[in-house]
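Have a look at these structures, which come just after this line.
Here come two complexes built around chain A, the first alongside chain B, the second alongside chain C.
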Partner chain A sequence: MRRTGLRYLPLLLLAIAWELLARLELISSSALPPLSHVVVAWVDLMRSGELVSNGYASIYRAMTGLGLSVLVGSLLGIFMAWWRPLNAFLSPLVEIFYPMPKSALIPVTVIWLGFGDGSKILLIFLGCMLPVTIGAFNGARSSEQALVWSARSMGASRLRMLWDVVLPSALPELLNGIRTALALSFILLVSSELIVARSGFGYLIGFLGADGAYEPMFAVVLTVAFLGFAADRAFQAFMNWMLRWRT
Partner chain B sequence: MAHVTGVRDRTSRGWRNAPASPFVARIGWGLARSASIVLLLAGWEILARSGTFTPFVLPALTSVLERILADAMSGDLFLGASATLYRALTGFLIAAVGGISLGMAMTRSIGIRWFFDPIISVGFPMPKIAFLPVVILWLGLYDVSKISMVAFEAIFPVVTATIVGIKGVDREIIWSARNMGASNRELLCQIMLPAAFPQIMTGLQVALPISLIVAIVTEMLMGGNGLGGGMMSASRFADSPGVFAGIVEIAAIGYCLIKGMSMLRRRMLLWHQEALEPSTV
Partner chain C sequence: MSASAQIVVKDVSHDYRPPVGRVVRALEDVSLSIREREFIALLGPSGCGKSTLLYLIGGFLRIENGRICVDGRAVTAPGPDRGVVFQHFALFPWKTVKGNVLYGLERGKLPRAERETRAQAFIDLVGLTGFEDSYPSQLSGGMKQRTAIARTLAFDPQILLMDEPFGALDAQTRSLMQTELLDIWQKTRKTVIFVTHDVQEAVYLAERVAVMTARPGRIKTIVDTAFDKNDPQIYRARTFVDKVDEIWGLVREEAIKAQGTHAR
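Our next item is the complex of A and B:
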């Protein structure tokens, strides 16, 4: 307990420095409102329900898009490793689209699906699919040949081998790919909501900022940042739990 | 003919051995690889021409290519691309230099490590793009705020990769360098940095696409020319060939940058073991 306290002490120091800088008027309070005011604004936002309803919209979009991309991406990656013709056919496409800056898709998804949930879900799905695919592909391809041979010699069917040998050995890389996708989904979510949306965290930040209400805006920004951090830590814990069989 | 197919059947992966010369094999393999891209482009054109979708939702490939050509002739493409690249690459360079120095400082001094370690580990997974309105508030709408946003987002992978790389340097190498009388400075420049370089390069390869993504998002939000800004204004005027042209241009630039980076890696790491192995992506 004391060690973690000492470890995160610098963050506390930063928070105190923030409060002092704003209180002593070293920086004008419109550019940097004191942290205590931001906390008060956060409580107000929670009470009025604005933060909860917008947060619900954002989380729904991120989770749906990410869930779809994990489903499609991991299937695609494993089958690309499993069946060579599919790999030969799809890998050039993956190679071309993987380095594409995904934010370029924002205007197109708006053209296709409008300003609502659909365009954000499609954007997150398209943006997050390839990291998952590549993770699954690399993982499945690297399954040890000796394991595959021994499973085959013990009479495992192809489907059985996929489930018992290829999938577990693909899991570490697949989960790493999903972790990248998780971080990417937050970036895409917030930026697309900042650009075009009528609800969600990004919309709330843009709306409050345009209004000059900087204290609640800082509160929402910090909430999003904290959620991104918490989601990553939770996924890391899930990864460790899933991979506990590894020595 | 029957004889040939017989041979191909026996070597189960026939396509590897079958063609008469490596030259023919190479062409055939190239054709097979480009098949999906050709199919995708042809499917786009046919779908757009068939009238299933309105030209607003899916403009024909040819009209998009015409637009790109017109942009290239008028010089708009060059101006936009250079503005975007200037912002993305300046931010990337700041992140690279700052990230490598911060990472090295963190491995060398306990105090610096104590202060920055929680900031890095909390800050890395955060969606830092959410801080964009704050950065606009502080630094305005022009290049400074865009570049600092890019650097802010791209520095984290570089710092963590540098730390991992330096910590992973073999002890024996350091001991023998020390034994032969290397000073701290020599140890850092001649031993640590080269040995950590593959890891650092990996960090830079993660940071580069992030810089492009952020540069484009900031342009979309704040305007100011650039490819992202161009796409956004095209989308406001419901000019969908312009939007699709932007996507193709951005995808092409991203592809070239990332390919260039991995070529640079192979060139700079010729001495390293990894250069012997075939590389993917």
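Our next item is the complex of A and C:
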């Protein structure tokens, strides 16, 4: 507990520096309002329910998009590793789309699915799928021949083996891919909501910023930052539990 | 002998095709008959194709030339009548000792409670009582191989295919495991095909030793090595030492040939 406290000491120092810089008016309060004011604004946003309702909309989009990408990406990656023709067909597509900045698709998804949840979910799905696919593919390809043979000799069918051997062998790389996707989902969520949306964290940030309400705007930015951090931490804990057999 | 042969290998040749480079003939015209409940060792210099022969019998590699029959049926795929023990254990690292041993039983027809009892019985048999919930990464090499042996014995294959199972173990552990394997073999009376490059191990464990030639692998000769397995002093017996020397001589010739082909 104490070590965790020490670990995040730099964060506390940063918060103090922020407060001091703003209080001594070394930076104008519209560029950086004092942290204490931001905290008060955060409490107000929570009370009014604005943060919760917009937060709910955002989390729903991110989780649905990410969930779909994990499902489709894992299946795709594993089957690509399993069946060569599928790999030959899909890997050029993966290579082309992987480095493409997915935020460029924001207007496209809006044209297709409008201003609501659908366009955000599609964007997050598209953006998150490839890191998951690549993780699943590399992981599945690394499954040991002897393990596959071993399962086969104990009566496992070829399909059964995908579940019993290939998937668990792929798990370390697959989970790393999902972790990357999780971070991406936050990025895509907020950027798409900033540009076109009627609800969500991104929308709220943009709306408050345009209104000159910088204190609540910073409060929302900090909330998103904290949620991103918490989600990553929670996922890491989940990974460690799933891979507890490794050490 | 051929009347009671359980495993018949007839005129089998096999080519190894690496992803890059030229095709290598691994086995050439191998014929071999193995009786039920026999313990036979396949002995030869490294790269002679002895493991390849084992994997062909296991049904893991496609038989392109020749025929292999087990109990009168041609081998086309792996099956639970042939249990395999690999040199590097091939345990599922994400399953505990118990989970690994249970795996082979889960494909069978036993009810759950009986599977549990049976798994525990084999864990006890190989001396791993108390380690049921350990993961392979927490075990020593010897314990991993014991787990692998328990896993294979648990689903009761009639035939054990063992690919240098003690090759990755230190000398003391190996010696203990050899004694244990003989003990298990005498209790369960399975047919064992045991691949090794260790002459003394082959002579000690097997009833017959098939000595293979350098690549391409052929059966050079088959030597009778049935000694009294229960004699703890057998290593010192004159007849045993002579037999080891005799087979050593045969293997040596092949090892030298193998070196020669490598040098070229």
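By our rule, the second predicted complex is superposed on the first by the 247 of 247 C-alpha atoms of A that agree within 3 Å, B and C clash if a C-alpha of one lies under 4 Å from a C-alpha of the other, contacts with A are read in each partner's own complex, and residues count from 1 in each chain.
Note that a contact is a pair of C-beta atoms (placed from the backbone, for glycine too) under 8 Å apart; a residue touches a chain by one contact, two chains touch by 3 or more.
This structure is a prediction, so every number in the text was calculated from the model and none was measured.
Trainee: Mind checking chain B and chain C on superposed chain A, clash or fit?
Mentor: Chain B/chain C on chain A - fit side by side.
Trainee: What is the contact status of A:Gly5 with respect to chain B (first) and chain C (second): first, second, both, or neither?
Mentor: A:Gly5 contacts neither chain B nor chain C.
Trainee: Would you sort A:Ser191 into first (chain B), second (chain C), both or neither based on which partner it touches?
Mentor: A:Ser191 contacts chain B only, not chain C.
Trainee: According to the stated criteria, A:Met217 is in contact with first (chain B), second (chain C), both, or neither; which is it?
Mentor: first
Trainee: Let me test your reading of the model: by the given contact rule, A:Gly155 touches which partner, first (chain B), second (chain C), both or neither?
Mentor: second
Trainee: After the superposition on A, what does A:Ala183 contact: first (chain B), second (chain C), both or neither?
Mentor: Touch status of A:Ala183: first partner only.
Trainee: Taking the superposition as given, does A:Trp245 touch the first partner, chain B, the second, chain C, both, or neither?
Mentor: The answer is second: A:Trp245 touches chain C but not chain B.
Trainee: In this superposed model, does chain C or chain B come into contact with more residues of chain A?
Mentor: Touched residues of chain A are more numerous for B.
Trainee: With chain A at the apex, figure out the C-alpha centre angle toward chain B and chain C and round it to a multiple of 10 degrees.
Mentor: 80
Trainee: Enter the shortest inter-chain Cα distance between chain B and chain C once the structures share a common frame, rounded to whole Å.
Mentor: 7
Trainee: Counting contacts the way the document defines them, which residues of chain A are shared by the two interfaces, the one with chain B and the one with chain C?
Mentor: none
Trainee: Which residues of chain A touch chain B once you look at their complex with the stated criterion?
Mentor: So the residues of chain A touching chain B come out as 7-11, 14, 31, 88-93, 95-108, 110-112, 134, 138, 183, 186-187, 189-191, 194-195, 201-202, 205-206, 209, 214, 217-218, 220-221, 224-226, 228-229, 231-233.
Trainee: In the complex, go through chain A and note every residue touching chain C.
Mentor: Chain A reaches chain C through residues 144, 146-147, 149-156, 164-165, 168, 171, 244-247.
Trainee: Flag every residue of chain C that touches chain A in the complex, lowest number first.
Mentor: Residues of chain C touching chain A: 55, 58-60, 77-80, 82-84, 86, 88, 90, 92-96, 103-104, 107-108, 135-137, 151, 155.
Trainee: Quick one: in the complex, what on chain B touches chain A?
Mentor: Residues 32-37, 40, 56-57, 114-119, 122, 124-134, 136-138, 209, 212-217, 220-221, 227-228, 231-232, 234-235, 240, 243-244, 246-247, 250-251, 254-255, 257-259, 280-281.
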